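Next, two complexes with chain A in common: one pairs it with chain B, the other with chain C.
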Partner chain A sequence: MRLKEQFSIRNIGGEYMMVSQSGSGLDYTRVVTLNHTAAFLVESVIQKDFTEEDLTDLLVEKYDVARDVAAKDVQALVGTLLKEGLIEE
Partner chain B sequence: MEVRTINNTLFFAEVAEQLALGHAVRMRARGNSMLPFIRDGRDVLVLGKPGEDSFRRGRLVLARLEEDRYVIHRVVKVQGGMLWLRGDGNLKVYEMCSRAEVLAEITEVVRNGRSIRQGSWRWNAYRFLWPSHPFLRRVGLALYRRLNKK
Partner chain C sequence: MKNRNNTGVNNAEVNGLFLHLLSAALWDRPADGLRFKGLEAGVWKKIAALAHKQSVSALVADKALSLPEESLPPRELRMQQLLQIEQTKTLNRNMVRVLGDLQQEYEQAGFPFVLMKGLACGAQYPNPLLRNPGDIDVWLYRPGDYEKARVWAAGQGYQADDAGHIHYNYQWKGIVIEPHCRISYFNHKKYEKQFVAWEKEVAEQARFGRVPVSQLLREPQPPQPSQPQEQGQPQPPLAPAVQLLPVTMNAFFLFHHMFRHFASLGVGFRQFCDWILFLQHYHGEIDRQEFTERVRSYGLLYPMQVFARVAVEYLDASEEIFPFPLLPAGRTERHGRHERHERHVRRVAADILKNGNFGFHRPGKKRPPGKYSGMWFSFVLSVKRSLKFATLSVSHILIVPYKKLTNRFKIGFR
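Coming up: the complex of A and B.
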């Protein structure tokens, strides 16, 4: 899967936000707030093809968590992004 | 989808940062002080970095006033280094600011997916056909509200 648009991850007042970027502009009319972990994952796969496996690997590597826990988190994140139409299979 | 509001100061600091990097910024319009041109919560504004041309009568600018108050209003007078601003929907309220306090110029208003670009005939219609006189404005706004009542 892949992010549908080009996004920029911005930290505004301590909160991570996913802002869509089109051409030479940033669109703040629709932003998605992310927690620290989600921001890390999304930022890692900007403009790349990825699978849930890839994201799980990234999480395990970075945060030293059990694989099944990481996989669950990734599933939840991917579910949300799919539901919001931000990634495509 | 959840709608959240970000603190103005933080949001506009972010906007200023992006503009300085040369990015355009799209944001949703808030407030009624630019009626009938700009409609609260519905219209999307495209902001660009201000240039020398932004400090001219008739231009729409985003300015930071005292106490972190931000307005998007029209330049109605340029006097020395100072700009006088007034919202199209305001009768007698003016704001005064310096050029340095202008963060952005509005270059486009997007309504229902249709873009009204600065300088286009629709843009100019809102600029030139909308009266400046407070009494005529009051009448115009009353008519606007009556026509748009649901």
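Coming up: the complex of A and C.
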């Protein structure tokens, strides 16, 4: 899977907000808030193909968490991004 | 207290907070978080509404979203502001893409042009993509090109509408293109004659400035931690550079254009910011003495000095950026000239804050829908306005209602 081309992500007072853009206009429904960890993952795979496994590896490496816990978090994040149309499979 | 609203913060305080964010955006410095700590949602809404009225929404929103956590706007407004910023950036990218296309088309058709006003001014902003976009204004400076370009546009299926006696406009790729046969004009015959000669000289010499189109898309580099990290933006096909007016002419023209709108119906901070950012960027290239004499010869020195003082006192502009002598600061003699200019400075600032972009947000009675009642309403308004500001510049302001009336007679009240 891959993140869609046009979006921006911004840290506002410790909360990350991700906005997707479509064509020359904006889809106002697509503002996704991310925590620090989710923002780290998203920023790590910009313009790259990735799998849930890749994201889990990144989490385990960066935060030294148990793999099954990391995998669950990744699953939840990917689910949200898919639902909001921010990644394509 | 007068003007106190249900937020417990009076309008002067809202204006002060708005101006603080705007000046922080203009001079690329952090806003003072303490001033915004614990601010009520209602006050934030007023600040956002004022930013919209002044057509500087994205600039102000960007600074608001860069405040420390405890000083941020309410979450719902943060989302709206973020979207506003992204929308402004997207619109600007689109405009710059269309500008690149237009340049190629006009070049092939044989109409070299000079980019004027808005989009060209963006290049002087700390982040050009945050300037609220308008249309694409171009000056077709070679004799005959203005009409030829109109025929060309019609041949492409774009019907141009007259938008005044020095420009027409048409929609092209979703953007309003506004070709001009003149840079500007004056209502006063003497000044008009002088300006026609200067314009002719500029057109004949054709020694224009140039700005790389990529500079119109530039974002601050490297990104600050609190700035958006934009990724994967498709790069439009860019033309290498566009022509701009020579610096002295542009510094003069940006003011005159703003002042003409001010005299007619009003002006917002967007146009004001365009002028002061241009001066901030280019003041070192302007011959101070020559510029001062030139401005004086058009009877514009005093109004320019008043606007400069507004920039210094309300937007924290540095006095050094103005290539002409400034009026003295602070309160001085009670019955002397100093007091008069202080009154003008306060009135001009209050008028900009009250009436907003092009005077569109003027409070009170709106223009009636009927054709003749609408014309009469507009005429009465301009008479009142010219009387209010006549002492700022008798020759430029008192003439406005007269010119409006004679122009109506000339075109037969169409």
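Please note the rule applied: the second predicted complex is superposed on the first by the 78 of 89 C-alpha atoms of A that agree within 3 Å, B and C clash if a C-alpha of one lies under 4 Å from a C-alpha of the other, contacts with A are read in each partner's own complex, and residues count from 1 in each chain.
FYI, contacts are C-beta pairs under 8 Å (C-beta built on N, C-alpha and C of every residue); 3 or more make two chains touch, one makes a residue touch a chain.
Computed from a prediction, not measured in an experiment: that's the story for all the values here.
Chemist: Scan A:43 for contacts with chain B and chain C and give back first, second, both or neither.
Modeler: A:43 contacts chain C only, not chain B.
Chemist: Looking only at contacts as defined up top, I'd like to know whether chain B or chain C touches more of chain A.
Modeler: Of chain B and chain C, more residues of chain A lie in contact with C.
Chemist: Touching A:13, do we find chain B (first), chain C (second), both, or neither?
Modeler: Touch status of A:13: both partners.
Chemist: Could you tell me if A:84 is touching chain B, chain C, both of them or neither one (first, second, both, neither)?
Modeler: First partner only.
Chemist: Under the contact definition given at the top, report the residues of chain A touching chain B in one complex and chain C in the other.
Modeler: The answer is residues 10, 12-13, 21, 24-26, 28 of chain A.
Chemist: Inside the complex, what are the residues of chain B that reach chain A?
Modeler: Within the complex, chain B contacts chain A at residues 1, 4, 6-7, 10-11, 14-15, 18, 22-28, 44, 46.
Chemist: For the complex, give me every residue of chain C touching chain A.
Modeler: Touching chain A: residues 65, 67-69, 72, 78-79, 82-83, 86-87, 89-91, 94, 174, 225-234 of chain C.
Chemist: Mind pulling up the chain A residues that touch chain C in the complex?
Modeler: The contact residues of chain A facing chain C are 3-14, 17, 19, 21, 24-26, 28, 31, 43, 46-47.
Chemist: Under the definition above, what is the set of chain A residues touching chain B in their complex?
Modeler: 10, 12-13, 21, 23-30, 33, 84
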